[in-house]
Structure formats: C-alpha cells, structure tokens
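As written, the chain order gives the labels A, B, C, D and E, with residue 1 at the start of each chain.
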C-alpha cells in the first residue's frame, strides 16, 4: 500500500515489486491486409509507427525501467501525472480523457493455470488515434486470445481501428474476472462439502482465505464498472460510435461480474455460521456421550463405594443375596436413567 | 458462471447445459377470429409469418442449435450481440430497445409440480411489430395459461397486438416468482416448527439450503424491476399506450415480489440465531443434569472413599451406629445441595 | 402470498380468506345539516347517492362477493385492474390517480382490544367528488372515531368535502400503527425485564415472535410513506388545498411511525445478544460450581483411594495418627485450592 | 409513544407526562439599551409586547395547560395543527415556514449535573418578527448561558433581532448534545476498562443500557440535521442574511454530533464482541484447570481402585515394594501427562 | 469531544490540550530566485510579508495563544467564526471559500517513527493570494518534504503561486494516511499470524485496539474526500487552472485511502470470527481429551469399585483367575471404546 510520500507530483517512482529482469517491449502492427509481431530493444525503435496508417499495439512488460517510461511520455506527449499513475501499481481503476489520448488503468485478474489460485495485477492502457500502449507488471496476461485473433484475422479485429483494439483488451480484462470467479466458485463448492462432511480447523482457514480473496477481488472489480460506464457515457472523441455498442456489452458483463461477486460473498458469509454450527454440533454430540456415561456411572460408583467401606457394623454385607441384589439394583437404576434420557430426547 | 473468454464479440456459443435432444420450434398464430398452433421443423418454414397481419408467437425450446439462432438472426435482422446474449444463459435480466425490435432477457422461476423445489431458467424475448419470439433452455415453463387464453380467446388476448402478448409473457414470468416464493414460505414454516420442537443438524442444513435458494431467487428477481421499469419509462415505440397501463401493473407485482423476497430473507436470517439458541438451550439442559448429579455424588463418593481406607486406627469404623449415621449424613448433604440448587434456580 | 397465476389481467379473484358470512354494505350520508346511517342489501340501492350533493361514505365489509364488486365497478366507472387490486389482499400500499377518482390501497394495522396482539388487514379506498368507498376484509376497523365525529358533527368533518373524509380515514389508518407499536413496546419492555431476571427458552420464542411481528409491521408501514407523499406531492385534482395541509400532517405521522419501527427493531436486535449472554452467564455460573467441586474432591478422592488399597506392605496404614493426619492434610489441600481459586477470581 | 387516536386534527391534547404543578411563563424583553426579565401569570399580560420594538423571548414551561396554548394561538395567529404538534411531545424534529412565523420543533438533550445521565425533552420554538416563543415540558434546559449573555449584553446578542435569538437557542440545543455525548464517552471508557479487567454480568447490562441510550440519542439527533439544513437552504423570510452564516456554523456542529454518535455506536457495537470473548476466555481458563486435574487424577484413581479390589488371588498385593513402586508409577504417569499438556500448549 | 457550551459564536477558546510551551511562528518566504526561512517572535513581524510579491508560508505551531490568533484575524481579515473553528480541534474536515481567502481544516494523520503507532491532529490552512497560513497543535508534521523541496527548489514548487503550496500541503496530508495505513496493515498481518499460530486474550485486545484505530482513521479520512472534491468542483477563485489538475490527482489518492480503509476494516472484521473460532477449536480439542479419558476410565473405575466391595458372599473374589480375567476384560472394554470413538471420528 506504500507510496513515496512528499515527492513532488509527476515524480516517476515504481511502487511495485520488480518481477522481471528486463523490461520487454512487444510490438504488434497490423492493418486489414498485413500483420507483424516483434520485440523491440528500445522505445526509440517504435516511434516511426506512431504516424503510420497501420494500427500498433505496444505492450510494455515490467515497469521498473524509468527511462522507457520517460521516452514514451516524450514521444506520445503523455502528462507526467499519467506516467506517475502507471508506475504506481496501487492505483484505483480509472479513466481519464485527454485531448489526444485516453488513459485507462484497470486491475487485471487472471487465474493461474491448473490451480484455483489467481493473481491481480495492474494494467494501464493508453489509446491514441493509431496506437494502443499497454503496461503490465509481469509477463502473464489475459490477452493471448486477442493476439490470436489479430494473427488469424478472426472477427472484425483487423478491420477496425485502435479503439476496437482497446475495447478488446478491456473486454479480456473483464472476462478474466469470470474465470477467476469460476475458480472461487469451485473452491466454495469444495468447502461446502467439507463443511457438511467433516469440518476441521483447516476448513476454517480456507474459509478465511476465501473471504479475504473475495475482498481483494471485489475491491479490484467494483471500480471497473465506473471506468467502463464513463468510457461509454462521456463523449470520448477517440471512441467511434461502432465501438460504443461493444462497450455497452462489456458494461453488462461488468455488472454481471459484480453481481456474481456479491452472490459469492453472501454465500461465503453464510458458510462461517454453518462451520461454527457444525463444529458445535459435533462437540455437543461428544459432550452428550460424556454426560450420559458420567451420569449413569457416577451414582453406581457411589453405591460400590458405600459397600466398600470398612465399618464393622454393616449388616447388608453379611446377607447372602446382597451382592446379586445390589447388581440387579444397579442395572435397574442404569436402565431407568437411560430410559429417562431417551424420553427427554437426549440420546 | 463460466463464459468463453477472449472470443470475438458476437461469437455464438451456448454457455448452458444441453437439456434437450433437439431444438423444438412451436408456432402459435392468431388474430381475433382465427387460431392455429403447430410445431415446425425449421425456421425457414416460419418466415412467411413475419409479414402476415396475424400475431405470431414463435417459441424456441433448446438453445444448443446455433444454426437455428443464425437463421432467426438473419430473418428478423437481430444484432449478433443480441444473439450472443440469448445463448449466454448467465445473462443478467435486461431490456434493450432497437429500431425495429425490443429485446428482453429475464430469469424465469417456476415451481416444480408437487414439490417445494423450484428451477431458474433464462427466457429471452424478442418483440417485433407482428411477432413475439421466445427462447427457453428446456421444455417446462410458466406460459401454459397464456396458451390456454389464446386458444379459448379468453380476456382481450386475441384482440390486441404482439405487445400485449409480450406483456402477458412478462406477467407470467413475474407471477412465477409468487409461486416459487409460496414454496419457500412453506419450507420456512416447516422449518420454524422443526426449530421449536426438535432442532437437528439436518435442520441446519435445510436452513443453509433455504438461505442459498433465497440468494439465487433474489439475484434473479431484483433486476426484473429495472427491466420492467425501463419498458414502462423509456418511450418504447413498439409498446402501445393501452399496454402501458398493464405494464404498470406488472411493475407493482415486481415490487411486491422483491418485498416478499426481502421479508423472507429477514425471517430466514433470524432463524439461524434461533437454531443456535435452541441447540445451546438443549445442550445446557443436558449439561445442567450432569453438573447436578456430579456435584451431588462427588462429595458423597469421597466420604465413602474415606471410610473405605484401611488404616488400623480409624475409631469410627468400630462404632455401632456409624454406618446408618453416615448414610443419614449423606442424605442430609445431598438434600441440602439440592435445596441450594433450587434456591439458585439451577434446577 | 399466493396469487392466481396466469389469469388474464382484470380477472376478479379474491385472494384472501373469507372471513364473513355475507358482504355488509354500510352507507353514511351527511352534509352540514343532515345525517343518516344505514345498511343496504345491494349496491343498486346506493346508486342514487352518487349524484346527490351530500357526502356519502360507502363501506364494504367482506370482499368475497364478486357481484358486488362488479356492480360498483360499473356504477362508478372503476377500471378492472383497480377492482382486481382491491380483491388481491396481498397488494402493496399504493396510490393511483385516475381522471375522475383516486384509488388508495393501504395496510391497516389495529390492536385487538385488551391484548397486545394486532392484526394487519388491507383497506382500499376510492375517492370520487361526492363519495368515499372503502373496502375491508372483515368487520373490525380503526374508523369508529370517524363515525362518531360525523354523527356528533365534531370538528370540521361535516363542513368539508369527500376529500376531507378520505384524509380522516387515512389518518385513522396511520394512527392505528401508533397503537400497535404501543403494544409492541409493552411486549418489548416485559421481555427486557424477563431477559434480565430470568431468561428461559420461552423468552427466546417470544423474542423471535416479536422480531417476526416487526418484519410484518415494517413491511406494512414503509410503503405508506410513499402513498401519502404522492397524495401530497402529485397534483391530485380531487384533493382541495385546504385538505392538503392535513395530508402534510399525516405525512409527518407516517415518518414518525417508521422512525419508531426502526428504533424498536434496533432495540429488539440488541436483545438477542443480551439473551444469549444472559443464558451463557447463567450456564457459566453453574459450570463454575461443578468445576470447583470436582477440582477439590477429585484429588481428595484419589488420596482416599490410595489408602483403600489392599497391599500387605503399606506402613502408613499401621501408624497411629495416620488417619487424623491424612484428614488434616486433606482439609489443608482443599483450603489451599479454594484460596487459589479466590486469588484467581474464579469464585 | 401513544397518541390520541381518531381525534379530529387540531384537537389540543398533551401527550406527555405532567411534570410541573403550574405552567410557568417567563418573559425576557430587551433591546440594545434596555433589559427586563419577569414571570407573568397569564398570556394576556404579554400581548402588548407583540407589537413593541423590543425583542421578546417568551418561555413557556409545562404544556398541560391547554388554555394558555389557545391564548397564544389566538394572539399570535398560530395554526391549530402547529399547536397540536407543540403538545404532542413525541414529535419528530421539523421546521415549518408559515407566512408570518417560523415553527421549529427539536429534541433537546441535556446532561444532568454531576452524573453521566441525560434527559431528552421536546422544545418547540416559534419565531415571529419581534418575538421568540419557546415551549418546554419541564424546568431544566440548556439556555442558561443565553439568558446570561442577554443580561450581561455579551457578544452581539442584544444588537441583533429575534432571528439571532432563535439561532442562539438552536445552537444551545445542538451544543447540549456534545455534553451528553461527553457523558456517554466517559461511560464507554469506564466500561472498556471493566471489560478488560473484570467482565461481569453487570458490565453486560451497562453495555445494553449504553446501546439503548445511543439509539435514543441517535433518533433525537439525526432529524436535527435536516431541520437546520432547511432553515439555511429554504429562503426563510424571517431569517436575515447576517444570521444565515451562523446557521451554517450550527449545521457543521450538527454534522459533527451525528459523526460522534456514529463513531460511539461503532465502538459500543465492537464492545459486545469483546465482552463475550472475555467471558468465554475466563470460562475457558477455568475449564482448562478442571480438565487438567480431572485428566490427571482419573487414571490414578482407577489404579488405586484396582488395588483396592478384594480378589483373593492378586499376587501384587503381597509384593514387598509394590506400594512404593505403584506410587512412583503414578507420579511418573502424572508427570508424563503434564509434560504432554505443556507440549500441546494446553497449560 | 467537549466544546464550550453556550458561549457566543466567534468566542476564541482552544478546545485541545496544550502540547507546547510557547506558540512557534515559522516563516518561509520564497520566489523563483530567493528563499528564506526563520522563526518570528510575534505576528506583527510577519505583516509586511502580506503585500510582498514573494510567496509566504506562515506555520503556527501551538494554538493556545489567543492573542496570536486575534492578531492574525485582524491582519488578514479572517472571520471570527473561522478563528473559532481553527481553535476548536474537534472540527470535522471542511472547506470554506470566502471572498479573499480560502479556509481548509483537515485531520492530519502521521505515523510515529519506528513504531506502527500513529497520531491524528488537526491542521487548518488559510490560503490568500500571496500567503499560506497553517495551524498545527504540536510540532510533528508531514510537511518536511515540502520544506525540502522549497529549499532545494525541486519540482515546480518555487515557480508557482501560493495555491500550489496549498495543494502540496493537502497532498502531504493525504499521503500521510498511506503511511499510517501501512502501519495498520503491518499490525494486521502480525495479528493474522498470531491468530493462526497461537490466539491469546492479548490477541483479542490488539484486535480491539486495531478496530478502534480504524474507526478513528475512517472518521478522519472520510470527510477529506468531500473537502478536496469541493476545492476542485466549486469555482474557487484563488486556485488557478494549473493547480486544478493536481487537485484531481489528490482526489484520486483520497478515494484510494478510503478504499484501503474499507478493505482493512473488512479484513479486521473477519478476524474476530477467526479468533473466536480458533479459541473455541483449541478449547474443543482440550475438552475432547477430557471426555475421552473420563469416558474410558469411569466405567473401568466402576468395575474396580464393585470388586472392592466387602460383601461376604461374592463368589468371584475367590476364583483363581478372576483378577487377570477382569484386567483383560477392562482392557477389552477400553479398546472397544477407543475404536468406537475412532469410528465416530471423535479422536
């Protein structure tokens, strides 16, 4: 959560962890007929693309290299406060519409392959008339399908402008949440089964982790709604009317994400009560057994203790059938108590 | 909750389970004087109806057949994003007003006959000037009464246009919730009785199921309000003023549904506390008995233990009335303790 | 909660229980100088009143007689949907302003004499320029004072029009809630005393009933606010400016009712925690006694057990003062433990 | 909470308890140069003041004397519904702006001297161009400082009009809440200490009382915000622009009062959890001791019991060192168990 | 929370604790080329600065010296109500725009060096065309970086006007919250580890302190949002358009602060449940052991007791293998019970 306090605004400081050795710059350049994809060493190599009629997608992986950021800032005329926001990876999702570019910062959530775990990472996006520049903290992302659609010229991707590419990226980010929520839903179901069959302290910790994960996801997902609504509502110049209708669609998906988040939260909230009840039910069952056995044997033991006393004058001790009679009496007493417990529905 | 991630928008993918062998296309065609009802093999057979002066209700059961969807899309000029929404059965209820048709997607809830169980299923509806097209996932629905009213020419159904038919379908969907909530209310009442008379762990699980069902119903019902409000409020061309007044009526019913949902939720929320209290009351009663018996007999057993010791010099052991005196003393001690417990209101 | 599903709109079906043998039609007719009160057999007998210059209050008790409803509908030109709403006694309170009449449906709450119990019943009201028609499910109501004021020509009742009568009826309905809440407040206070002095499982059930009653009252009372606000806010033709100021007054009362409902809810919510704490405090006190007695006597009994063993070589058994010394040692041990418990504040 | 049901509107009925023998009428009359303060017997004696150029503050203590109310109503032209509101001491705080006077009803909270207890009482205020009339239920109030400032001509009090006096009264009412909340904060702190050091059932009851007091204060304080906001926002004729700025200041104070109320509520809500945890911690500590002692001695007692049996053939009984060996074995067993408990961190 | 009740508005009374011996007046004067920093003895020495073209930052530490306040009030024409607000350190954060100055009062939160503790203190700020005057209660603050930037002429600080200085101060206040929240997050993490590994009553108290600290921080942070929003939204004359864009940035940070506060609150709220569950899990484990041992040994002890009885006619006592057989029987019984417990998953 930490930020560089007191530094003048516009100071470029990367607030995240450095996750990559080297900043990686990937360029995808395409129009309806041509397509190329390559890694570049330096931003300066990409600058000519800015004025070409093709659409360029510049993806920057790794944010620790401040020089790269400054070069981009200079080349595309980005405001220093925007650059600062890109580097501050604790940013809240937001959209800002400048004269000649649109700045969007979002939390991308993606599920790690083969597990139900997920990661939340900041993705910033700058949309200019011919380019989309995206900034990620590390390599993994939810954009593989977009790259494939560009490569294979699937759908209308290659026919439309940079705003459609920006839309596709935002759509992929929102779709990422569905996958993450699927993972959460799986964990919830597993947990539900464990709750019913055999609640352990481990169940509790998983429940707590689930709850905390939901807090993180919710915090990442909720501001998305506002971001996409303002892309749609505000009269953003760079977004054509044709793309607008797709943004409405993403907006619906965002609402759905938030809806799902809230439902899952409600379900998880209810599970703690069930856990506590299950544990206390189990405990109660054990305590009942103790109570039954103790209650039955304590009076019997007392009787045995009485006839174990060493008084010289205890006439019963001499009677011939005292012992079997006492045993019978004890059995009768125990039976009576058990019947009484049955009657009271304690057994 | 899963969705096809990264596919281009407008890609037709059915996200639900395939519940039917074959997509079933039912056509009901009527005007004030005539009426016909039949199943068709293919969409192409229905196309002539589009331009006839009669009102046509096209009901599509089963959404897995993408070809049918495409044909409808082409024939009626439906936007690909709308077709995608119809196939995505995790859609949130919504209404969209296009130039020449209105698209409504709703969650239909219906009670399964003879049980208190219910099912939630997506129903999409497209209203054009002469047709209503509905899409369901499986065969069961809440529209049987509408079919009957058309057949028997009851009410004003046959006298009015396709917008009135659309209204009737929406009304039936909303009425379905009342039946489902009736089922929930019955389950709640049964549970209440069980809570008071004999709370078991099974009661707890039923309570949890009830709670989860309410989350599902609430999530399905709440967006309906918005849908119907916007049908009424927005100046939807295809809905005549005469039908508008009926929509206000449905709107009132929707508010009532949501009201009922909230009241039931409040009641069910209160029941968990009662369950926990009931269980702990019952446990306490049992524990009290243990405590009483243990507390009375432990000191008595100690006394018996003392006179069971084998010291050579224990003068009491030789006294003639020591044994009966001790027994009397024990009885007195026990009585005193019981009276003390009574006094303290522990018994 | 049930409603007739799928029937065409405007179908007259009474959804409540039939509480009366026969629908009772009471007519009160008055102007500044004259007054008459009578029961009529049929609606047709009342029709001439419609066009007289006197003010007429038509009260219909019992809603099961559909013929009566239809006659009224025809005579006063009431829309079928309104008649349907009157018969559907699960209606949410609402106000509808038609061209020549105003329709108001409210939940009337009244306290049953001599008990703290209450009943909630639907009251519908139709206001026309010269008439007020009210519909009730059964005989009991909160209008006796209004009748008295008309009879005795108290206040301005006889001097003003039918809108003032409608206001008086609405005011009486709102005032009814104050009486019901008084009853609830009494029950709350009784319960509070029981919680402090002697919490039993019965206390818990009363608490649950109280909570459920509050849910019902809240659900009935909250929509009233909206109803009265819209009577006041909307420019309702049939309500004169002079009556408007009285409606503002009722509005304030409604706010007060809802305020009281919320405060009572807060108080009742806090009581469950107190109940649970009280019960667990009481239980803890009992458990402490068990623990003390058990903890003191278990070691003592062990010692007695040791000297009850039958080993041939137990030299202590032969010592002359072994027995009194052991007894002294036991007393010392018990005293030490009690002092230790005191020190730890466990006693 | 009770109100006179069914009486015609404007009927004067005092709904509170009669707290005073006789209604007391106090008159303070002042302008920049002169000042007088006296008690009057009847309202008629005060009437000439109405038209004098001096500012008059009429304070009525005790509301049971309906004649006084009627006289004031006639003399100052107050609407009967306003008089009814003054007498109905269960009124919600509100402001009403009439043509020639402003009516404000507020809940005054004041701390009883030397205790942390407080009282809530209704204060009504009527502001006319030259007069302020205040109505209280009983003698105590929060206005002593205002009287002193008038007497000593402190601040701008004597230089400004009746609207400034009204402001000063409202300000004193709001300031009264700060004192009451100070008392609550003291009680909260005392309670916190008790919770940590020694939670008893008495602590619980104090907590419950605190919670209930907060409900009462909150209910009294929240509507004040609206009242003062509307005095400031609505273009009230009788309030000069100079006074307006002071009202903004009172408004800020009201927000602060509500802020403090909410913070205290949050803190008190958290305390119940701490109480329950503290009690259960204490209980657990006691239970642990029982468990330890019982668990150690039960097996030992069993061993002693075994060697207390009277079988003729028990070879160990004859062995010379059996007894000391058994004692050693017992000690070893007990030590092992204690070490095991230590290991498991149960001791 | 206390305030001077009943004093006339504008009375200067310092409501905080006196934390400093002497009010300290620090002056920083700068323009693009020059810079000076000094302490002054009296306000009168600073007055010439008011009309110079340089930017002046007047920092007043210690608010108890009313004379200083009055002098500033007179020299800069500050409204008495504003001076009162500066001295009343229980003020809610707010912004007021006067004709020739802007008044902002904020709660500054800063972390005490080397600990996770924090302090909340009121900072008031008056912005005039050439000056910024800040008022603090004590010496510590979050402005050291600003002073450094002025001294070293870093960033655009020395190039821009007093509004930019005011922005920098507000920014530093908001950044202070990030540091405080970092401290809270550290404490939360430490607590989480303790909860899982070894929950003690101390953990509970730390949790309670954390909860209370969050209430304080939340109460201080939430109104900041409104303050900065209104600085940005209202057309404040003294703030130039160039500075406006930086205010938007601070606004985003404030939202982020509030977001973090809410997430931390959610996490801390969930921790109490975990604590309770952990403690009860631990307790249950102990209770289970007691139950097992008691349940196994109580029947065995009973058997030993039976054969310790002194009846003359107990044939078993004479049998040769009775003793070993009984021991075997006892072992079998114990084994059976342990297996049964295993089966029931109680062990």
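To be clear about the criterion, a contact is a pair of C-beta atoms (placed from the backbone, for glycine too) under 8 Å apart; a residue touches a chain by one contact, two chains touch by 3 or more.
These numbers come from a predicted model, not from an experiment.
Contact with both chain B and chain E is made by A. For the pair chain B and chain D, the distance between mean C-alpha positions equals 42 Å.
Separating the centre of chain C from that of chain D, both taken as means of CA atoms, is a distance of 26 Å.
Counting partner chains per residue, chain E shows two or more touched chains at residues 280, 287, 290, 294, 298, 301, 305, 308-310, 314. Taken as a contact graph, the chains are arranged in a single closed ring, with each chain touching exactly two others. Each chain touches the next in a closed loop, which from chain B via chain C reads B, C, D, E, A. Across the complex, chain E is touched by residues 142, 144-146, 148-149, 154-157, 168, 171-172, 175-176, 178-179, 181-182, 185, 196, 245-246, 249, 252-253, 255-256, 259-260, 263, 266-267, 270, 273-274, 277-278, 280-281, 284, 287-288, 290-291, 294-295, 298-299, 301-302, 305-306, 308-314, 345-346 of chain D. By the touch rule above, chain D contacts chain C in their complex via residues 1-3, 5-11, 79, 81, 85, 90-92, 94, 198, 201, 204-205, 208, 211-212, 215-216, 219, 272, 275-276, 279-280, 283, 286-287, 289-290, 293-294, 297-298, 300-301, 304-305, 307-310, 314, 316-323, 326-327.
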